[in-house]
Amino acid sequence: METKPDYLIKGGKRLDGRKLADWREISIKTGVIENADGSAQVDFGKTKVIAAVYGPRELHPRHLVMSDRALVRAKYDMLSFSVEDRKRPGPGRREHEISKVTAEALSSVVLTEKFPRAVIDVFVTVIQADASTRITGLNAASIALADAGIPMKGLVVGVTFGKIYDEKGKGYMAVDVFKPEDQWGQADIAYAKSYNDNKVVLLQMDGDVTKEEFLKGKEMADKAMEYTYKEMVKALKGKYEVD
Amino acid sequence: MRLIKMIDKITIKRIEDLLKDGKRLDGRKLDEFREVKVETGVVTKAEGSAIVTIGKSRVIAGVKIGLGKPFPDTPASGVLMTGAEMTAWSNNEFETGPPSPAAIELARVVDRAIREAKIIDLDKLVIEVGEKIWMVFVDIYTMNADGNLFDAAALAAMAALSTAKMPIYKDDEVIRDNLKTNLPTNGKVVSTTYIGIDGKLLVDPTMIEEKALNARLTVGIKDGNIVSLQKGGKGGFTDEEVETILDGALKHSKKLLKALK
Amino acid sequence: METKPDYLIKGGKRLDGRKLADWREISIKTGVIENADGSAQVDFGKTKVIAAVYGPRELHPRHLVMSDRALVRAKYDMLSFSVEDRKRPGPGRREHEISKVTAEALSSVVLTEKFPRAVIDVFVTVIQADASTRITGLNAASIALADAGIPMKGLVVGVTFGKIYDEKGKGYMAVDVFKPEDQWGQADIAYAKSYNDNKVVLLQMDGDVTKEEFLKGKEMADKAMEYTYKEMVKALKGKYEVD
Amino acid sequence: MRLIKMIDKITIKRIEDLLKDGKRLDGRKLDEFREVKVETGVVTKAEGSAIVTIGKSRVIAGVKIGLGKPFPDTPASGVLMTGAEMTAWSNNEFETGPPSPAAIELARVVDRAIREAKIIDLDKLVIEVGEKIWMVFVDIYTMNADGNLFDAAALAAMAALSTAKMPIYKDDEVIRDNLKTNLPTNGKVVSTTYIGIDGKLLVDPTMIEEKALNARLTVGIKDGNIVSLQKGGKGGFTDEEVETILDGALKHSKKLLKALK
Amino acid sequence: METKPDYLIKGGKRLDGRKLADWREISIKTGVIENADGSAQVDFGKTKVIAAVYGPRELHPRHLVMSDRALVRAKYDMLSFSVEDRKRPGPGRREHEISKVTAEALSSVVLTEKFPRAVIDVFVTVIQADASTRITGLNAASIALADAGIPMKGLVVGVTFGKIYDEKGKGYMAVDVFKPEDQWGQADIAYAKSYNDNKVVLLQMDGDVTKEEFLKGKEMADKAMEYTYKEMVKALKGKYEVD
Amino acid sequence: MRLIKMIDKITIKRIEDLLKDGKRLDGRKLDEFREVKVETGVVTKAEGSAIVTIGKSRVIAGVKIGLGKPFPDTPASGVLMTGAEMTAWSNNEFETGPPSPAAIELARVVDRAIREAKIIDLDKLVIEVGEKIWMVFVDIYTMNADGNLFDAAALAAMAALSTAKMPIYKDDEVIRDNLKTNLPTNGKVVSTTYIGIDGKLLVDPTMIEEKALNARLTVGIKDGNIVSLQKGGKGGFTDEEVETILDGALKHSKKLLKALK
């Protein structure tokens, strides 16, 4: 459809004017879904994602019940019109995979043993997609859990990073990729940590990088992650005690 | 689950008691609509989009326009498809999974109002007869469900459609950047929903009111004419009540049209 | 496919020779499905529908069980060869919607509180379709319930009405629409009442009419409804006490 | 559910007791078919249709013929598709939902009998090689299920097919009014079903007999040849029993052919 | 796609060199799936099928439980790449039917009353298909059940037979059909017996044969069946007591 | 079910105890892979196939290549589709039915490794731009599941692809007999999976180890570069652990490549 651009970075500037280590504008709102026990909308540039949390509540079907702790269940989906070409409603294979890694990342911080036999349902919905939707959604989910008052060891915080090329084809690591970088870049990495203990709880990559490039990108991402974390804490001010 | 239902029962009893004095739980008059807010252009990736808020109910609708093949029996006509999802994140009682009968009804009632009111000129959406047409997808999602989803969904769909831009078909490609031309639409349709019991009719019900009084009638109005009707619920309406509802719908339709600008 | 006719009424006569207020020949048979607890076949002209009732019986799945009354469940479907172009087997969106409004209309008359925890299953199957299938099916369901001995406050009775045009394009309200009127007419209205208390329990419309046109058509339909009701009572003679 | 099953068990016991004296619950002889009735042309919207009654079992079959694209590996051949639904309204024990394995088996056994007997000349159903063919859909629905659905379904499908009319393809349209030409068919196939236990063989079983004796063999016959076989059930047949069943099927097939006219 | 060959037998020799009463090389291995309670791979020429048995084990869903005996459940499926044109993953109508007749045939020999309320799951998977897959799978299932130590009245043993034509179009009955014979021959018959009591427990035919042809083919098949039975017993030596 | 789980818990406890001394249940060192065996050409009906055994885990992968139409947005490109089934017959705990999230993840992770490593030159799989292309289906089935299915599946898929033959397209037909030409592939990708807890990292986990330690990281390597990463499980890894795993994966990838020949 669209043709590959000649470069994704030129003279130190990315297609949207950012430098390599820059992240897009981040906006965070809590309590956006009145009916939910907790909710948040997080925007990374034009990527807008809403997360809503229901629970702890009774778990159906019964055979999923765990006698010693709660199940954290995540459902990631995109509005059909959040993307360029209409997405068929209902989750596909991509959505099922993202739901799985999202639930796993969140499970690393939720104190599930406080709610035996219950379920905590996290719904992540992409309203508008401009890349990094799973990470934006994971951040929203993390805040929505806090907004719901669910006890957690800490917040999960994520950013993406990737590898983009200049007009000579040389590759550079860059933080918080947006659509053309996701589509045409040489690597796209989703990355999240549990911020209490600084552990990697989500990491997914497509692309082709050396170990050194990967580590360099990760270091750049850590800075953006720290900023994101602070913004998240700010948004939760008064709702959730951290540190 | 059981606890919630018990709370519901108590609230329903209160609704019924208040109703005897012509009062509603949230202080509204029987024939009073909640505040209506329409925001358009909320999703720039969509050709058209809108968020509609009625009280605490909020829905989002988006329009995507793409290439397709016409149906064999209408080779010179574009296609309109309307979907609705009562998302599990918009209400504690909604579930994930394939569309429930209620969500199917919601989509079909909105679809019929738009279709019967001839809002979209499907004949103008033909690129090559029998081969290539534009398909207009209207998808509606509940964001926070607190009753009267029918009217909110119809408003959101209508707002999204009337602000939608046409993509451009050029050299076998669809261009969606910087679009200027509007999707060709004719006028506007809005719907008004009443619920009732024993002669008491309530416009724009909340979700708990819908549980209490389960006869429902949704009236689609365009240019002062009735273009769609949908009775729901296990109760019934007398002939007089039906007429009263039609009059009420005609009245409210004017205000709803204003909310659409 | 087919082309729109120049008129649906001319010189006071509809395409099948009827006048505006005329209904098609109505035929009603009960006990047509031996295995069912109650059943009926109702024909409105070439539209033929069978309804079969099973119940009250045990309800599965259990989570649908209501402790204080029975669930009335309806399933409307069409034989694949009941229509011009073969219908794919299995219910689609249209069938699900009609099943819903059918169950709601029937629920308004069945004394469900007599059978706590049970289900009453009503199966409506279109054998041949020439418009008005949902209303013909609702009438058949109503009779099948009575045939099954299910206690009811009264019978649900329905007819359709619509708006059709003459050679000058002028519109007229007409009763009991058939296929070309349904397909090409300006409005198509499914309408049913609970005949004990004269309440509207089903009302669905597609089209474009003024309030006055609607009320006029409804008045015409009321006459056809009265006739239909009498035919239904006749068919049930001895099986079910009415009035 | 449990009550019904208890009743079933008592009846099954009686069936077994009667069988020791060579008797059946409904008074028939072991090798006696119930009364067979075939009505055709019952649904005028279908290109062909039939209702077949065998005792209290009744099924309806209809034929629709429409345009299609040939399968890539048979570009010069029409397509036959056979479906069967054991409807929830034809028996208290049948359920709604996707086709059960039993319904799938029913459809496939009827399909094979028709296909292997070469009843339909699929080569004659080609409009344009590799591009456009006629697709023949045979759909079977149980109306009242009381055993031996295999033979009833085969008869109904056969009756519907042999009375089916061909639509006309003209100017890119399918015409279905006032059709005169028959769907081209070659001869007739019928099937006969036996169930058995310990050397006792019963033809044309009722539903409760099928529950009592669960070895089943269905034999499709055309022109005195065997064109299909389907053994079902958890029991087995001796070699002699199989031969006896084949002879019985050959005998009954003549009467069944007469019922088809 | 492929064109029909002029003959399937010529000068007494079938396309793969066999005579009419000859069966293909048979290979039987047990214990091929370590995790299963019992398993076997059976090859008839290039047709290779694996059967795995799990059970007796607890049965879900509960409503299928039988209080007086075990349920024998079979699931026949083919690897997507076991056939010429890729088969869509997941069972279709054909697979459901074969699963049904396989379960019924096996049920005739398993002493299900020994395990009330339980299920015995038999998974039959076609690794490579060269006709006769259901019968090869049934043999594998039979051995896998014995390998699992499930008590049985006897083994179920099957072979196929069919009718093939010579260059003059004359038909002959032949044993153990392979792909071209299945595809182009005049008849294809799947046939299995419970070998303890010599009863026919599976019999399916497509084609066109006289009664005499059928009985002749069956007689030829009985010899192949006896050989197969002996091979099966040999493979089970020491694991399962027979006769 | 409950019994099995109790046994699991006891075993998990032992695994944790042994781990304190740097030991594994099966006697391996923490960074020791189980024996790896790759057999290709196991299914001659497939264009390519392989069975890979890692300890007691065994998977089979097959490649089918067929005709297809390109996706509208990539008219000059073939299509690669990767599927995986965690078969109910390969482990007592796996269930029949539509693919589980775990099976979907397995397929997608293998797919991404192959795709991002550009193993298949999709541009070379075009017969007619915009109209006719080759579709390459890689399907993976677990045969005996005992942990580390990711690495086994990747190896099996890679082995099947690199030994796959191209069918021939001639006179509108696909010929699959006696094929000589290989599917065009570029190099080889392999993946290495670690699980861990508290600084202890175990390569190539068994199924019970995966239950005990649930932070997992799978690293796809081609030509010494990282082409895919997939973190799974409810635990996390420190920055140092991630780096250690990358180094380990680079090391093991060499041995795995040798197993591919």
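Per-chain numbering from 1; labels A, B, C, D, E and F assigned in written order.
Simple rule for what comes next: a contact is a pair of C-beta atoms (placed from the backbone, for glycine too) under 8 Å apart; a residue touches a chain by one contact, two chains touch by 3 or more.
Computed from a predicted structure; not experimentally measured.
Engineer: By label order, what chains touch subunit B and subunit D together?
Structural biologist: Per touch definition, common to subunit B and subunit D: C.
Engineer: Using mean Cα positions as chain centres, tell me which chain lies farthest from subunit C.
Structural biologist: Chain centre farthest from subunit C's centre: F.
Engineer: Through what angle, between 0 and 180°, must subunit A be rotated so its C-alpha atoms fit those of subunit E, rounded to a multiple of 5?
Structural biologist: Result for this pair is 120 degrees.
Engineer: Of all the other chains, whose mean CA position lies farthest from subunit D?
Structural biologist: A
Engineer: Taking each chain's centre as the mean position of its Cα atoms, how many Å separate subunit A from subunit C?
Structural biologist: Centre-to-centre distance between subunit A and subunit C: 51 Å.
Engineer: Averaged over CA atoms, how far is the centre of subunit C from the centre of subunit D? Could you give it in whole Å?
Structural biologist: 32
Engineer: In subunit C, which residues are in touch with two or more of the other chains?
Structural biologist: Each of 1 in subunit C touches at least two other chains.
Engineer: Where does subunit F touch two or more other chains at once, residue-wise?
Structural biologist: Within subunit F, no residue contacts more than one other chain.
Engineer: Could you spell out the chains in ring order, with the walk beginning at subunit A and its first step landing on subunit B?
Structural biologist: Chains encountered around the ring, subunit A first and subunit B next: A, B, C, D, E, F.
Engineer: Per the contact definition, I'd like the list of subunit A residues that touch subunit F in the complex.
Structural biologist: 1, 93-94, 96-97, 99-101, 104, 107-108, 189, 193-194, 197-211, 214-215, 218
Engineer: Touching residues of subunit C toward subunit D in the complex: what are they?
Structural biologist: Answer in residue numbers: 1, 33-36, 46, 48, 50, 52, 54, 57-58, 75, 79-86, 89-90, 121, 123, 125, 127-130.
Engineer: Which positions of subunit D touch subunit C when the two form their complex?
Structural biologist: 1, 42-47, 49, 56, 60, 62-64, 66, 83, 85, 87-92, 96, 98, 137, 139, 141, 143-146, 173-174, 176
Engineer: Touching subunit E in the complex: which residues of subunit D?
Structural biologist: Going by the criterion above, the answer is residues 72-73, 99, 101-102, 104-105, 107-108, 112, 115-117, 217, 222, 224-239, 241-243, 246-247, 250.
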